[in-house]
Every structure is written in structure tokens, then in C-alpha cells.
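Chain nomenclature is as follows: A, B, C and D, assigned in order of appearance, with residue numbering initiated at 1 for each chain independently.
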Amino acid sequence: MKSLLLIILPLVGAALAALWRSDRTRPWWLPAIGLVHVVLSFWLFLVPPVVAPDAWLGFDPLARAVLPAVSLLFLVCAAYAVPYLQMHAERSNRVFVAALLAMLGLLSAGHQARHLSLLWIATEGLTLAAVPLLHFNATPRALEATWKYLLVGGTGIALSLLGSFFLGYASLHGGGGGDLTFVALASQGAALSRPWVLAAWVLLLVGYGTKMGLAPMHTWKPDAYGEASGIVGALLAGGVTTVAFTAVLRVRMVVAAAGAGAVADRTLLVIGLFSMLVAALFLLGTRDFKRMLAYSSVEHMGILAVGAALGAAGAWAALFHVWSNSLTKGALFLSAGNIRRAAGGRTMDEVRGMATITPHSAAIFVAGMFAVTALPPFGPFFSELGIVRAAFSAGRPGSAAMFLGCLLFVFFGLTRLVFAIVDGRPRAAARVSGRLFPETLSVILPPLVLMGFSLWLGLATPDVLREAWAGAVAQLYPAR
Amino acid sequence: MNAFAIAFVEFVVRLAGWLVLAPLLPGIINKVKAWVGGRRGPPVLQLYYDLARLWQKGVVLSTLVSPGFVAGPAVAWVAVLGAALLLPLGPIGASLSFHGDVLLLIYLLALARFCMAWAAMETGSAFEGMGAAREVSYAVLAEAALITAVLALSVHSGSVTLVTMLTPAAGAGAVLLAAGLFTVLLAENCRVPFDDPSTHLELTMIHEVMILDHSGPPLAAILHGASMKLLLFAVLLVEAVLPLGGLSRLAAAGALAAGVLVVTVGVGLVESLMARLAFRRVPLLLTTAFLLCLFALLVAWKGGDA
Amino acid sequence: MNSNVNLLVGLAIGLNLLALGSSRLPSVIGAVAVQGMAIGLMPLLLESDFNWIVALVAVGTMAVKGFVIPVLLRRAMRTANIEREVDPSIGFVPSLLLGAGGTIAAVALARALPLLPEHAGSLLVPGSFASVLTGFVLLIGRSKAIAQVCGYLILENGIYLFGLLLIRTTPLLVEAGILLDLTVGVFVIGIIVDRIQRAFDSLDTSKLTVLRE
Amino acid sequence: MTPGPLLLGAAAGLAAGVVAGRWNARVWLALTLVSTAAALGAAGSLLLGGAIWEFVSTFPIAGQPLHLRLDAVSALFLALVAIVGGAGSVYAHEYWSNQDYPQSAPRGRMWWSALLLSMGGVLLSWNGLHFLIAWELFTVAAFFLITLERQRRDVRAAGWLYLSASHLGTMCLFAFFAALAARTGSWELGPMRERTELAPLFWLALVGFGLKAGMFPLHIWLPSAHANAPSHVSAIMSGVTIKLGIYGLLRTTGWLPLPVAAPWILIGLGAITALFGIAFAFAQSDLKRLLAYCSVENIGIILIGLGGALLAVADGHAVWGRLLLAGALFHVWNHGLFKSLLFFGAGSVLHATGTREMSRLGGLWRAMPWTAALFALGAAAISGLPPLNGFISEWLVYLGLFDAVTGRSPAAWAAMPAAIILGITGALALATFVKAGAMIFLGAPRTAAARHAHECGPWMRGPMLVLAILCVAIALAPVVFWPLVARASGAWQPMWTEMPVPASLFTLGSLQIALAGLALAAGLTLWWRARGAGAPRHLTWDCAYAAPSARMQYSSGSFAGIAGGWFAWLLQPQRQLRRPRGLFPAIATRVERVPETVLELIFTPVATVILQVSTAVRRLQHGRLQYYIAYVVVALAGLGSIVVLGGRS
């Protein structure tokens, strides 16, 4: 019941917020709903309910292992959204707030969906909910980004629908009774017709991979993240992508049950390493620090894919990485938003010396940059090290080497760009705009809190969390 | 007590020997040169007079120099003397001998070089800077040759202690080693063909040009130190080549003295028969010396295998 | 009855080629509209016994794909007063050849994949593959937003065709998919195309290349 | 007193220093000094025979129980960290004071404490995960210390180069520890020689730690970083942090089975590092770059010692191996001491004149006698001259090599060339430091800056004095320090616990004392004699040239001309020569620059190629939606083919 509430509550909240009159007070819906959501999800996290095997929706181990992170991220972003929207009082935030809340509901749905079509519907809904958020700024650039997001994403969605059909047909061909819950599909096992399963896997991987932003389907990402506000970027990178990732994990389980696990893992490994490589190459050259975050996100999606391809240990580390990446990346997006506002520019050609104009945001930005490039004692260090270790245990030293090589080049790219923005002597224009958008506590605290979470994840990963990830792995990678 | 007294007396005698005999060698060399050139030349004891005179003289210091200008020669002199005392004299052995003393000997000479170069740089004179630069640079190659020579000796004798290293002859490689060490001797003591102590064209000098500004007692220390260094190398060369260990005390002493004399005369002959090399060629010659020592080393190694 | 379906599928494939071949946007839109109506009809033919939901879906599909979307498209076209696709990145003849080759490939692919006996004779699978390919060709090969939207719609028609194989066993998946597709379609066309028109005062997406490395 | 409480106190003090450094310099200084003293006490108590201190926490940190262990090897390095860390903090109190650097001084204090803390963590942690954490933290702390003066562009560039290069090493260590954990099944470290399948991991460790140590050709980051950092930072980086790379190699070689080639490679790399390092140092005209390259050389000497010791182990624990190891360990200390001393000296020169360019200095001894004297001492020591401490360690290394040769073991084939190269290196080091000392302190001041130099204050002089005294102490009483080093070698190689003081070392020590005494006496006598003779001051005679000017003096470049020329193939010096023309030549210039050859001729081209690839790839993000959709189709096709092929296999 509570698990349903996780979905319904935000949707209802979205409707009410849409009806709400005052533009000034409407943003407060976000933290309010977010807070309840966090409380609920952590309650469920600590007291996991028993999920009927044939349930279409449920707070199953996988949802338990991921959803709380998203909920947490949303709450912090919601807290940040209040001052943000008050800064942009000139535009009505009716659609924005409603869409954000709807997104939260659909995120909960997507993470809890245990049914092929429900999962697809949630993903589709997320795609649509993101559209108004993306062109909230209503600039031509934002519009272009939205158009590309919608068409590339729509193609991905369409492909994943076709993939779902294929999987359904595979089950039909194998004598299935049309029950498309993942459990039922997996229970059909080898009975599933192999050709259809493989075709379905390719389509679903590409389809959901597009939502994840794996290369080469990542093309919408830099545009969308570059134009969207920090909040939206953080939620897309830390929430929507994780839904797509869990979708891939669930599908992979079925494919593995059908006896094609090895092939699936190979494809995952290839596309993961490819995404990391592409991201690294782009990061070496890009000059826009918001697009930089997009490419970094592509890289981290690649890391997740690689982890998922490396068996149980890798998947465990990947789930760990979902947490550490979502929270750390959130901090980066929010602080980048502060810097972007104050600097009035987005590329290293226009922006310099932000350490003097927005010292706190700059400090958080640098710290977050170090954190996502696996500097201990922040979370990503441990999850990525875990993936490397898993690669070695899985007897894939070559993959580990390429993984680390990509991390190295990513580090070069990020440090180059970040220090170019933070150091040096600021432009006069930036001094002016910096005074327009002063660093108030309300915009510094949220990213700081996220960095705190990242640190806490790394230094003192709670055992209950480890155990939750292990449970999800047990669900997805049944030991034969 | 008694033994200690003997040891003490022996030490004093040895010390006196080094201090007193050393200045003889330059005199002999000059005599030889004069003799070859058909002149009468300065008396053999000339250097003694010079030293005495210099010690009496006063000192003029450059306005730029620090106390190091005077301390340098002093320390260098001490270093050379120490190195000399480490050197065994045939069957008499060394006054003090321990495992690895040969390395101390080499580095004492390096210390002397450091102090001389430092003192030279004190004056801020372009000439002395030039001399110091040449000194330390050529020393790089000389050092390589010297280390290699020492390696050859210790390979041959299976020891790193001067006394045991120098008792047997250098064996098959003796000739190579002798040639190499002789070249190093010429280089380290700034003799022709590396340097010409008798010229006074500053541009062509190494050692002389480093001491342009020295006068009085410091200069005396430098000159005496130089002569001790020459004697040291001569003794080292002779002992490396001649199997003094086998001989009786008397014969050994005689052989040693004769050998040193031969070396000295050889130096004199070289100086009177050869011209100074162009500085471009100096590294070539030193490299040759190094190679000679290297071959000696290889020969020693093979000899040990056989 | 299966023959009627195959007839409609054949019609759909023909319309694919028309959409690929014609440079005039109105005819492309027309092709999409007719195709939409054709596939909207199919569930009724497939279902032997009458079923409300299916009927509802069918009618809704026909209405939206056959009327709403084409009308919206035409309006956008008129406001942007563009009649024809001028500089396609894949020419019309190559597109046609691609489409034809795609259709043949689709047939071959359908043979390669194992089908249930009752689907063995139907053209649904090849038809759907062919439409998907056509959709991609249009999406990649056209520079006018409207043409791309048509491509997207044809892509979805193809997927819908495949969905018909499952409509009996797993209705929900299919219907949900269809409905959401329609929303996407409407969304894309209704809002974004319109805004693009207003923002850039043109529907030529080749102008939308500000965001780049 | 057991090390435990001392170490705890030191850690607490440093942690407090991280906070206190922000607001109060004096409190911070007191805290740092107390903590370093405590750490030194802990290390000392262990080296003097105390029992090994070990602590395993019940609570996990980052998922692993905290496993700290202080054995003799750690203690040896910890002592160095403590000494230089304490000295540096005092030095910084004047050198990088709040008055001169209001912004960066607090940051500097904070990061200094963080650096010491994390280095201690590296030395104590016996868990791979915690080792990596501490390692990364100290890398980053060092980065922020290097870039304290970050408004200067070259400082930022140097810092970035350091950070990137270190990250390459870090990635290798990631792989190393991850692979180790994957094969052993736990992050715990410790001896595991019997597991021969671990041997290949050594190469990862070699790159990872060697890069940090500044091993040729991975030293590319070192010169610019050490030259551009504030001098007290340069001191601790050159003296201590690069030694942690050596520490890592010591641990790896002590714990893991090694590939057969490893000792040979190590000794070879050591020889190359020593020779090339000093060749570059000799050619530098920037004082701090010279010192930095000289650190590369000394790392080479240490590596020769370590590699030789490993050869001995492979050779059945030959006795000469112990000499080599002892030499290496002694040199870790010695170089740590005199290199910090020299960098402090360079710092006070920089502080007084504002330039590191040696050809702009000269004659400083009159203005800053203390600095001059102490620098001269350090120079003699680092040239390995008796009677100073540098000679002790080099003598041990030489002796080990010679014994290896006379022992006629196979190792001789590595030992002979190593000994010869060591000889050449020593001679070059001598030349280098004659040049450095002379250019800065001797002769006539070449510029106004040099003319108006002033001596540094007591806060800067004190630490230099302490370090100098330590150098002399080791030099004159090596036998006192021998047991400490012997304990460390015992901890490294259990077979070598019994290492009595070599009799020859005893003799050498007494000789050093005698020599020092005699030298002092002779110097004083001669000085007294000269004074007694009046010693009128006069213009430098200089062959009676009447009007010598300061610019006529031999410059750094001209001094290095001869020997530098022999290494031109390596140094690739870039010359701009403008010969005097005409009857009355107005101007004639000769500019000579020695580039960072390895960096500019090897690494930069590779980087350029990679950047070109990146630019080419970035063109794919051209903003054309049609193609973006095409990419999706391509992905479909690619994955499809993989699946089809994979399905076959």
C-alpha cells in the first residue's frame, strides 16, 4: 500500500500544485511532497514489505536498493527549487512544479514496476514529464534542446516498445500465457524463443540505453543538460537515468534466465566501455562546463553498464555507484547552476576566477569534481574501485585497464575545465552579475548536503544499505 | 704501549715522508724537461724554496672573497694528505686500512677538487671560473676511469681494501691499467697534454688559472697539495702494476722508489716531447683512458674465470 | 479474414513507398493519414468476436491517426507555408531504393525469425519491419520537421503492426503502448512543432544546429 | 612509552591543526610542532628497539576494519616526515607568513597539516583500501600546497601537470590494489611471498610508485612542481613525499613475490635515473629546478641500492645486499635532510632577491652569511663528499656494489656498470653544486636584486640549522644510526634481522670525525696565518684587468658548457645566438634554454595526437538531429551484429 502511495502521492500533489493559485507559495509543494516521499521510502527501506511474486508493482529488493537515493536527491533538489523559482519569479512556475512532482511519481513507478509494460509506460511518462521542465527557460536554445530530446528519446522509447513486443512474442512463442511480469518471463527460462529474446535484448538495450544516455545514443544529453536548470539536470542524471538502468537490469535478468546471459553481458560491457571512451574523448575538448556534466554523466552510465556486465560483484558495485553518482552529480549540477547564474556564461572562454566571485559554490564544485573522479573518501571512489576489483575477479584485466584509462582521460578533461573556470582573474561583467545573484545559504546548503551524503556513503556505508544492494543482486543475478 | 709507540713512530715517519718527499717530484720533472731541452733548468729542490718563501709572504685577498677562499686550499690540502695516508706503501702497508678505504680515497680527492673549485669561484674572475669549470668537467671522465681502474683491481684481487688490492700485480691487464692510470694521472695533476703548468697564457690552463688570485701561505698549501697528489697517483700507479707484495721489505721499498722515479721521468718526457692538446680533444683522450681501464676490468674478470 | 489483413498490410507498405518517394509534404501527410486509418481498422478484422476495448482502441486510433494528427500537420504546414521537402539529406530515389530494399530485407528477416503457426501466413511481421525501416529513413533523410514527424508516425505504425500479433494475449501492453504513442505524437506535433514555428519562424530543422561542440 | 598514544596524539594534533591553521598561526605552529615531536618520539621508540605497534579497530571505516601497524620500515619514513614536517612548519611561519600572503597562508597551514596527516596514514595503514585513501589524500593535499600561489599561471600549470601525472600513477595503484584484492580475496596487506601468481602485479606498482618517486622517465611532473611550489613545500615534496614512492616500492618488494627481471630492471632504472637526473640538474639555470632534478638523481641512487638488495635476495641473501639496502635507507634519510636544507636555502635566497635565476644572483654570502654557509654545507653533503652524511650512504652503496663484483655473483654484471655510473654521477653532482653555490653566493652580485639581498630571519634560519646539525650528526656518528636502519632492513627482509655494525663503518665514522677536525684546524690555521700577514683587500687580480664588471663573471650556462655539451643528445638545448657584427658591435646575445626534454619531446606529442582524436570525435556532436537518429540505428546494427556473432560462439 505504502509502495502505491509513493506513486500516487506525488501525482496527486502535481495535480493540486497545478490548481494552486499563488505562484509565490506553489514551490513549497515540492519540499513538502518530497519530504513525505523520503519518509515513506526510507520507512519502506528499513521495513521492506513482502512483495507477491506476481505483483505488477512493488517495493521489491531492486526498488529498495535504488529508489531511496532518488527520493533523497529529489528532496534536496526540491529544497533548492524554492529559492531558484523565487529568483525566476517573472515566469509562472505552475507547469514546472507540477511536472517535477509528476516526475517524482513516475520515477517511483518506474523503479517499482515489475511488469514489462508498466515499466515502459513509466519510462514514457518520464520522457513526457521532462519536456516542460527542459524548456522552462523558453529560449530558442532550450527549445532546440527539447526538440532533440523529444525526437531522440522518442525513438528510443519506440524501440523499447518494439523490444517489449518482441519479448512478449518470445514468451508467446514459448507457450507463455501472456503474463509479462519479469518474474513470470524469467520462470519461462529456456522455453523463451532464443532469437526473439536476443532481438528483444538488442532493442531494449538500445531503447533504454537511449534514456540512460549510453553512447552513441547520448546525443540528446549535452544539449538537454546544457540548457536545463541545475535541478532538472540533477534529476535527469540522477533519477531518470537510474530508472532506465534498473529497466536494463530487469530485462537482463530475463535474458539471462533464457540462457543468453553471456551474450547480454558482452553487449553491456562493449557499450559501457564505448560510452566511457566517447565521454572521455569529448571531455578532453569540451569548453562548456554544463555540457561537461552531461558527458561526465555519459561516462558514469558507461560505468554502470560495465558494472552490470561483471556478474554479481560488479552489479553490487554498480548499485553502490547509482547512489554515489546520483548524489555527487546532484551536488555538481546545483553548484554549477550557482556558478552559471553568477558568471553569466557557460564556457571557459567566458568564465574565469569564480573562486573569488562565488567562493563556496566554487569550492563545492571543485570538491564534487574530485569526488566524481573517484577521489577518496567520497562514494564514487569505493564503487568504482569495487567495479575494477570485480573486473579482475571476473578475469577481465583488459576491460579493467580500459576502464581505468578512460577514468584517467576523464580526469584530465574535468580538471582542465574546472580549474580554468575556478582559477584566474574574473571578468568585470561577472563581478556585476555575481552581485545580482549572491550566494545565499539557501542555494549553498543543498549541494553541500549532497556532498555530505557522498562523503557519508564512502566513509561509513551503512550495513543496511550494503545488505539492500546484496538483496537486489540476489534478485537479479540468481546463483545457479 | 710499546706497540703503540712503534705504531706512532711509524705514522710520524710516514707522514713526514709524504710531506717532505712530495715536492721533489715537480723538481725532477722540471729537471727532466730541462735536460731534454738541453738547458740547466731550476734546481730539483726549487719547489722547497718556493714553498718556504711563500709561507713567509703576506696575503692579498680580493675584495669579493669570503673566508672560504682561504679555507678551501686548507681543506683540500688536508683531504689530499688524508688520501695519501690511506695509500699503503708496499709491504709496510697503510697506516690505516679498512674494508672500502679505496672509496674514501677517491672521494677525498673529490673533496679536494670541490674545495679548489669553490675557492676559485670565490674571486668572481672569469678566468678562474673557466678553470674551475674545466676542472670539474674533465674530472667527470677521470673519475669514471679511476672507478673503473679500482674495479679492475678489486676484481683481480677479490678485495675492496687497498692493502690487499695492491699487493699482487694487476695481472694480465696490467699494461692496459698502467696506460689508463697514467693518463688519469696526467689529467688529474694537470700535466701536458691536458694542461701546461709552465705556460702563462691563462686561456689554455686549468689548474694554474684556478689559483691566479692565490698568494702567500694559501698558495703554498695549494702547491704542496698538488705535489702530494702527484706523488699519490704515482705510487698508486706503481703499486697497481708491480707485485710488491711478493718482495722483501727492502726490495719492495726500492722497487717502489724506482717505479715512482720512472713515472716522474715519464711525465717529464711526455711534457717535453708532446704538445698540449686542444681542449676539444681532451675528452677524447680521457675517454680512451676510461676504455683502457674498462678493458683492464674485463681482462681481470676473464682472468678470474680462468 | 487473414487475407483482408494482408491486403491492408500491403496497402500500408505501398503507402510507405509513397511517403518515401514524394517530395510534396501534403501527399506524405496523406499517406500517413491513410496508413493510420488502415492499421486502425485491423484489430476489428483480427478479432473474431466483438470486444469493446479493442473496438474503442481501433476507433480512437483511426480518429487520431487518421484525422487529428493530419489536420494538425496541415495547419502547421500552412502557417509555415512550406509545400515540399527541398533539400533532403537522403534523396528521394535513394530513399525509395532503401525502402524497397528494406521491405525485401524485412520479408527475409521475418522468415528467419521463428513464428507461431497462426502467424506464419500473415504479412504483419514483414509489414511492421518495413514500416519501421521506412520511418527511420524518413527521420534520417528529411530536414523538414513535418516530414520527420511523419517518419516518426510511420515508425510507430510499424510497431503497432507488430503489436497486433500480441493483442489477443496481452492486450494491456499493446493498448497502453498505442495510447501513449498517440500522446507523444500529439505532444510533438501540437506543441513543439508549433513552438519551433514561432521561435524560428520556419520548420526547417536543419536550422536547429546551435547546440553543438 | 609505547607508540600508540604518541601516534594518537600526533594524529589528533594534526587534525586540530587542519582547523586551527585557518585562524591562528601560532596555535597551529605549536600544534604541529607538538604532533611532529610526538610522531618522531613514536618512530624513535620503535627504531630504538621498541616492540612493533599494531592496532586493529573493531569498527569499520569505509567498510574495512582499520588496521594500523608501525614497524621499523614505517618508522624510518615516519621519522623523516616528522622532522621535515616540523622544520617546514617553523620555516613557513616566516617564509609564508600572514603578512606576506594573507589569502594563501591560512590555506597553506591547513593543507600542510592535512599533508602530514595523510602521509602518516600512508605509512601506517596495512589495508589496501585505507592505503589508497591516504595516498590519494596526500596527493591532493600536495597539489593544493603547490598551487598556493594560484594567481600565477605557471604555478597553475605546474600544479595541473603534477595532478595529472599523479593520477596516472594512482590509476596504476587502483589496478594494483584491486587486482591484489581480487586474487587474495581481501584488502589486507602483508607478506605473501609464497603466492607466486601475484608476481606480475609488481609492474603496476613500479609505475604507480615510481611515478611518485620521480623515477626516469616518469619524472616529468617533478621539476616544474618542485620549482614553482613555495620553498617549504618544495622542501617537503623533494625531501619526503617522493620518498613515499620509495616506501611503496620497498613494501611491494618486501611483501610480494617478484618477477625474475624485477631487480635488474630496478637497478637499471636507478642507474639511468641517477645519471640523467644529474645531467639535467647540471644544465639548469633555475636554482629550484636544479635542486628538483637533483632529487631525481638521488632517487636513482636509492633505487640502485634497492635493486641491488633485491638481487642479493635472489642470490641467496648475500651479505653485500644488506650494505646496499642500508645504503639506500640511509640515503632516504640523508637526502631528505640535506635536500630540505638546500630548498630552505633556496627559499631564503628567493625571499631575499625574488629570483630563482642563478645568473641574476651572486655574491650573496656577504648579505646572507648564514644561508651561504648552510647551503655550502648542504651542497658538499649532497655531492657525497666526506666528512658529511651524503658520503656515508653513497659509500655503503658503493661498497655493496663492489662486494657484489668481487663476489663474482651474476649480480656483478649489474653492479659493475652501476658502480661506474654512480662514479660519473658523483662527479657531475659535485660540478652541479660547485656551480650552484658559486653562482648564488660567490663572486660579485650580478643584479641590483642580488646587491640588496638581506639575511633571513631566525624562524627560517633555525630549521636550516637543525637540519644541518642532523646532517653532521649522521656524518660523524653513523654507527649510532646504523642499528635503526638495521632494524628497518630486518623488517623488510626477515632473513636480515641480524645486521651488526660493519667494522669498516666504525673506522669510517672515526675517520670522518678526524677529517672534520683536521679540516677545521687547517682552515683556521691558514686563515689566522693569512690574517697575521695583514691580508690587504684588493680588486680581484684577474690577470691585471683593471675594470672587471660583475657581468664578466662566469655564468651558470658557461660553467655548464663543457660537460653539458656531452649530454646535448639528451638535453636537446635550444640556443638563440646573435653574434656581434660590424666594427662596433652594438648587441650580441646568446640565449640557451634546456627544455623538459622528456615531457616536450615524448609526452607532449602523444598528448597532441590524443587531442586531435578528441577534436575529430567531437565533430560528431554537430547538432544535426537526423544524424543523431542515425547513430541510434548504427548502435542497433552494431549490437545486433555482436549478438549474432556472440550467439554463434
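Observations on the model:
In the analysis below, a residue touches a chain if its C-beta (ideal position, glycine included) is under 8 Å from a C-beta of that chain, and two chains touch if they have at least 3 such contacts.
Quick caveat: nothing in here was measured; it's all calculated off a predicted structure.
The minimum number of touch steps linking chain B to chain C comes to 2.
Ranked by how close its mean Cα position lies to the mean of all protein Cα atoms, the top chain is D. By number of C-beta pairs in contact, A-D leads over the other of A-D and C-D.
Separating the centre of chain A from that of chain D, both taken as means of CA atoms, is a distance of 44 Å.
A separation of 69 Å divides the Cα centre of chain C from that of chain D.
The mean-CA centres of chain B and chain D are about 36 angstrom from one another, to the nearest whole unit. Centroid to centroid, with C-alpha atoms defining each point, chain A and chain B lie 78 Å apart. Among the residues of chain C, those touching two or more other chains are numbered 139, 148, 205, 208, 210-211, 213.
Taken residue by residue, chain D touches two or more other chains at 618, 621, 623, 625, 629, whereas all remaining positions touch fewer. Every pair of chains meeting the touch criterion is listed here: A-C, A-D, B-D, C-D.
For chain A in complex with chain D, the residues that touch the partner chain are 147-148, 151-152, 155-156, 159, 194, 198-199, 201-203, 205-206, 209-210, 216-217, 219-220, 222-223, 260, 262-263, 266-267, 270-271, 278, 281-282, 284-286, 370, 373-377, 381-382, 385, 388-393, 397, 400-401, 404-405, 407-409, 411-412, 415-416, 419, 423-425, 458-461, 466. On chain B, the positions that touch chain D within their shared complex are 57-64, 66-68, 70-71, 73-75, 77-79, 82, 96, 98-101, 103-104, 106-108, 110-111, 113-114, 117-118, 121-130, 132-134, 136-140, 142-144, 146-148, 151, 154-155, 158-160, 202, 212-213, 216-218, 221, 283, 297, 301, 304. For chain D in complex with chain C, the touching residues are 618-619, 621-627, 629-630, 633.
If you check the complex, the residues on chain C that touch chain A are 112-116, 132, 139, 145, 148, 152, 155-156, 159, 162-163, 165-166, 169-170, 172-174, 176-177, 180-181, 183-184, 187-188, 191-192, 195-196, 199-200, 205, 208, 210-211, 213. By the touch criterion stated above, chain C contacts chain D in their complex at residues 89, 136, 139-143, 148, 205-206, 208-213.
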